[in-house]
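What follows is a single structure, and I will ask about it in a moment.
The letters A, B, C and D name the chains in turn, as written, and every chain counts its residues from 1.
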Amino acid sequence: MALFADQLVNGCALGALYALFAIGFGLVFATLGILNAAHGTYASAAAIAAYFAVDALGVPFPLALLLGVAAAAVLALAVDQVAFQPLRAQGGGMLGALITSIAAWIVLDNLADDATGHQSLSFPLSSYPSGMIHLGAIAFARMQGWTILAMAAVTVAMHLLIRRSRFGAAMRAVGWNEAAAALSGVNPRAVVSATALLAGATSGLAGVLGAVLTQNVSYTLGEGLMLKGFAAVVVGGYDDVRGAAVAGVALGIIEVMTAQYLSSSLRDGITYALLLGFLLLRPRGLFGSAAFTRA
Amino acid sequence: MIRYLAAGAALLLAATAEAAPLAPGTYTVGFVSEVTGPVAFAGLSYLHGATLAAAEINDAFYLGSGVRIAVAEKNSGSDAARTIQDATQFIADRSVIAVTCCILSAVAASVKPITINAGMPLVIYGATMPGLPAPPLVYSMTVLPGPKDTATALAVAGAVKPKTVAYFLAADNDAFKGRMAATRTALEAAHVTTAGVVSVLTSDTDFTAAATQAMGMNPDAILIYTTQAPAVGIIAALRQRGYTATIVGNDVLSPVSVFRKLGPAVVGVPFPIGFSADLAATPAARDFVAAYTAQFKTAPDIYSAQGYEAIWFIAQGLKAAGGTPTRDSLAAALAAQKEVEHNVYGGEPIVGGQIDTTGTLIVAWSPDGRLVPWSGAP
Amino acid sequence: MANTLADLWEAYRSTLGFAIVNALFGLSTYAVLSVGILSFATVTYAAAGGFIGTQLALQLHWPTLLVLPAAAVAGAALAWLAALILLRLDSHWMALASLALVLLTRVVAINATGLTGGVSGLSVPLFVPFVVMPALLLIAVLLFWRLGASWYGIAARAVREDAVVAATIGIPARRIRMLAFVISGATGGAGGMALALMLHFLSPDTYFINVAFTMIAAVVLGGSYHWAGAIIGALVFTVLPVLAQAVLPAFEQVLNGVALLLIMIFLPRGLIDPRQWRLRRVRAR
Amino acid sequence: MTALLAVEQLGKSFGGLRAVADLSLEVPRGCVAGLMGPNGAGKTTVINLLSGLLRPDHGHIRLDGVPIEALPAHEIAARGIARTYQNVRLFAGLTALEQVIAGCFLQRGASLLASLLGLPAARAAQRRVRARAMELLAQVGMAARAEQLAETLSYGEQRRIEIARALGAEPRLLLLDEPTAGMNAAESEAIGRLVHRLRDSGVTVLMVEHNVRLITAFCDRVSVMNFGRALVHGTPAACMAHPGVQEAYFGRRDDAARIQALR
């Protein structure tokens, strides 16, 4: 039973990373209509920036985490300006943005690989709160606890921001119809930039926390998050922060439990089958009401 | 310089008893490198080792005066298609007499039939899949890790006396599957019970759950049969979660980057190694370490040694072929070689095109980041 | 001179072979793009063609030349099944679902050891005369050329540009898309077997992200409004790395990404763009 | 003899909004029928229901007595209903001629295999389709523009090409959704004459139209809708005089009188 409880916490912590990643990914998709294949590279970049802040500059971990998150946000904004803005100006469709995001993904992944010297680095044990916490029979790493808390806090904050604030209303307006939003006094360019920043920051948070949890600072960090985070977005629904969070955590738990009680070779198969299943069984529910685009 | 000459002279006496001297000229070896892509960190070491070997061979006039060996490099980025293109370009280039390549087993398996079909001698420098060598055309300069793993596991079991052990296995890597199976059989024959096998995938990054799973089996020791990134992640997760008993690693733990990354977590973890700059035992090995460190500002690793051996082995074959060697005569000459004469392992017999080393060197990282012989302590 | 030419041919023959394989993958992607669908499932068809074709040759000793059409049939059959599922979705989700299919393909390739050799891979000890490769491409070109010139070509463009309007002039969009999937599957399946013949070894990673990337890059670079675009794009993208390696090996991959980005921004319709030709023709008058 | 098109108790809601409510109307063979109503009356929804882009919540649509409301759009096109769109929807990147050839899809007359193999029958069918498309372009006065990209043409020209494309399906009933929107008086007049020519060649036409003058001049009969319901059917003159219509268009009756007085 203690093993089950331990694995449940492990699954939650892993799922929290997927959830954090999925929140930003879904945000960009809902607001900007972009499937951003480069979203995972923000996570890698944040981890690398935070690592060098700790390793080369001796910055304390909480500050390094903020630096990493900020770096990811700025990177996301830069990618948006370089890879997506020109297409927006041309009125290019979603296919074009998908392809430029793949291009950005290739470029950033390779630069990240160069930055870490083609290997995986990790934060020195002494640099972050690394001990174990024992709650009764359950044992988990301190950082796992922080990760779950961070995910919960970000979920609540983002939900309130999107559903309750003026800015959130502007975001939803741009997502619905950019031209109409502009007419009603929203500055779409500002909303787009802010969305990119927010998405980059959440992905960056997932990156730094994930780098600590998995002792992996390299480009593979973002790639690993990418596929699972993407599954979480689809399963949870891209336009609802709570959905992404729940689905991300659920996927993490399913993965861990599958490996523990079934077989790790089934693990990815189950995740992707779940992804495909949701796409098929809830296509309209996920895509909204495109009443007569289907002939 | 003088020591090269001395080494060269000694080998000259040993190896060229009957062969005619080589016709003057430059003999080119096609080297398919992997200096970009997923295994670039090792790819560079192989290439450096190979270029150092060629320089030594030429400086020592090992092949005779006016005879030089050249290494022509083409980068493949570890992509099978690119490797094949590079290999066919070497095959088409009449001045190339042999090709050496491949870290990844799948890439090596793709290139092998093409070079065999073209009658081109192929020396594989990195891939560990058993069964790749096929004399007279295909040779492997990689010491097969499986037997060394088993020997290490038995030695550790003898010292630590575990009742039960758990295994970590990279389930999507066939080589490791075979290595684990052989070790498991040997350990079970020595009455060490298997508590369980935790499967991971080579692309995994999170090992907290896997570590929890293994520790839930309460093993007296844990043996790791995965590629480098998972092995590092598993050791880190196990130690973080408070596992203090014996962990047995494998040769992927040898690069110094692993120590830099894991620090105290990996100290004392035993694993077998074919070559270590810290433990260079023979004069040839010490010379290699010194020359390599002087030229590349870093100590050679196991990969550097394999790249180095590959070129020396081809040179040895060229010398044995004598006259004006062709790809055919080189192949025939390589097939006749019983060992790699200029080696850094302290003995390197060749059986069926596959090299081996005598004995098993079991090492562990010391707290100050050097490889030292394993002390036998848990 | 003749010797030099023969050497050149020997040296770059395999590059041409891979370019042809990539062109087949590009054409497979074009086949569905030409009805407005972005699908990564070409990777799946290629895997089906490659593994099934190889097993037919190894287990049932089919002659190699017969294995290629069989691989095309296998790819087409799988594509038909995939279409039954995917065509229920709207375009964005179709692209995502096809990606999920690719990920599942790798899971199957690892676990279906009887078919794929599992993680240890599958040796393909089959050799065909090189002329088979250009012949294969020629057949594909004939197919796409005839399709483009027939009523299917115009119906496909109508469905791509506006499936709703197409339906109201009597074009059964779903059936046209089914057809496109089957054509994509056949081309992808044959391409998968051709890749097996080039590589002589298949591993679970053979038919994975690399193939997806190559085929997308080929179509984007070459242009997705004419079948010739996929072929030109594949040729350029196969040769480019060989050249880039000579110039800036360390940043080769980065250069690939930058090239893709610049093409998409400055040449969004690719190198082969029939619309541009038409506009120019009108202006020239 | 039954009407060509008979709509019975047709209803369609979007969320809570009843766009079409219990609408019934008939279009006899060989006439030009007009469908009028203020903005938001549900006219375009009716066209979308008739052409199969929307599925009705209830009610029937009969073409020549056969119910078609459950058929997919391309089946309805095959049964003989073709349409144009309020905002011209031509295929990007295709020439004028290709647009019309696409419209002739139902007349393709060759199997895919025959076309692939280039069999003589398929080639002949292809020539026939091309000739027919040219003929249709000539019929709408656009033959000279055949090789031009449709998106480079003027709005009025694009509308004509859209009509030619719809005619390619050889419809019995042609639905025109505001065919003169954005046109000047002369262009509108020309469209009106074109519609008459079509009627005379045997095509029944149902057009949604705002232009009261055009309706009066060219329609044989009119149905007026408001709030998704049919207000009145009849000749154009009778409909215009109907008080409900006046109210629907101009607000309350006394307002309408005042507006009349102001003129």
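The rule is short, and it goes like this: a contact is a pair of C-beta atoms (placed from the backbone, for glycine too) under 8 Å apart; a residue touches a chain by one contact, two chains touch by 3 or more.
None of these values were measured; they are calculated from a predicted model.
Of the two chain pairs examined here, A-C and B-C, the one linked by more C-beta pairs in contact is A-C. When chain centres are set by their Cα atoms, the one at the greatest distance from subunit B is D.
Chain C has the C-alpha centroid lying closest to the overall centroid of all protein C-alpha atoms shown.
One inter-chain figure worth recording: subunit A and subunit C are separated by 31 Å, centre to centre, where each centre is the mean of the chain's CA atoms. Distance from the subunit A centre to the subunit D centre is 49 Å, each centre being the mean of its Cα atoms. Rounded to a whole number, the gap between the C-alpha centres of subunit B and subunit D is 76 angstrom.
A separation of 37 Å divides the Cα centre of subunit B from that of subunit C.
Of all residues in subunit A, those that touch two or more other chains are 265, 268, 292, 295.
For subunit D, residues that reach two or more other chains under the stated contact definition are 53, 72-74. Annotation for subunit B: residues touching 2 or more other chains are 171-172. Interface residues of subunit B, counted against subunit A in their complex, comprise 40-41, 171-172, 198-201, 203-210, 212-213, 216, 229, 232-233, 236-237, 240-242, 257, 261-265. Of all the residues in subunit A, the ones that touch subunit B in their complex are 3, 6-7, 10-11, 13-14, 17, 113, 117-122, 124-125, 130, 132, 139, 141, 144, 210, 213-216, 220-221, 224, 255-256, 259-260, 263-265, 267-268.
Those residues of subunit B whose C-beta lies close enough to touch subunit C in the complex are 35-37, 74-75, 77, 79-82, 84-85, 88-89, 91-94, 105-106, 109-110, 112-114, 117, 129, 171-174, 177. Of all the residues in subunit C, the ones that touch subunit A in their complex are 38, 85, 88-93, 95-97, 99-101, 103-104, 107-108, 110-111, 163-164, 166-167, 173-174, 213, 216, 220, 250-251, 253-254, 256-258, 260-261, 264-265, 268. Listing the residues of subunit D that touch subunit C in their complex gives 51-53, 72-74, 76-78, 82-83, 85, 89, 91-95, 98, 101-103, 105-106, 108, 110, 112, 115-118, 122, 126, 129, 147-149, 152, 165-166, 168-169.
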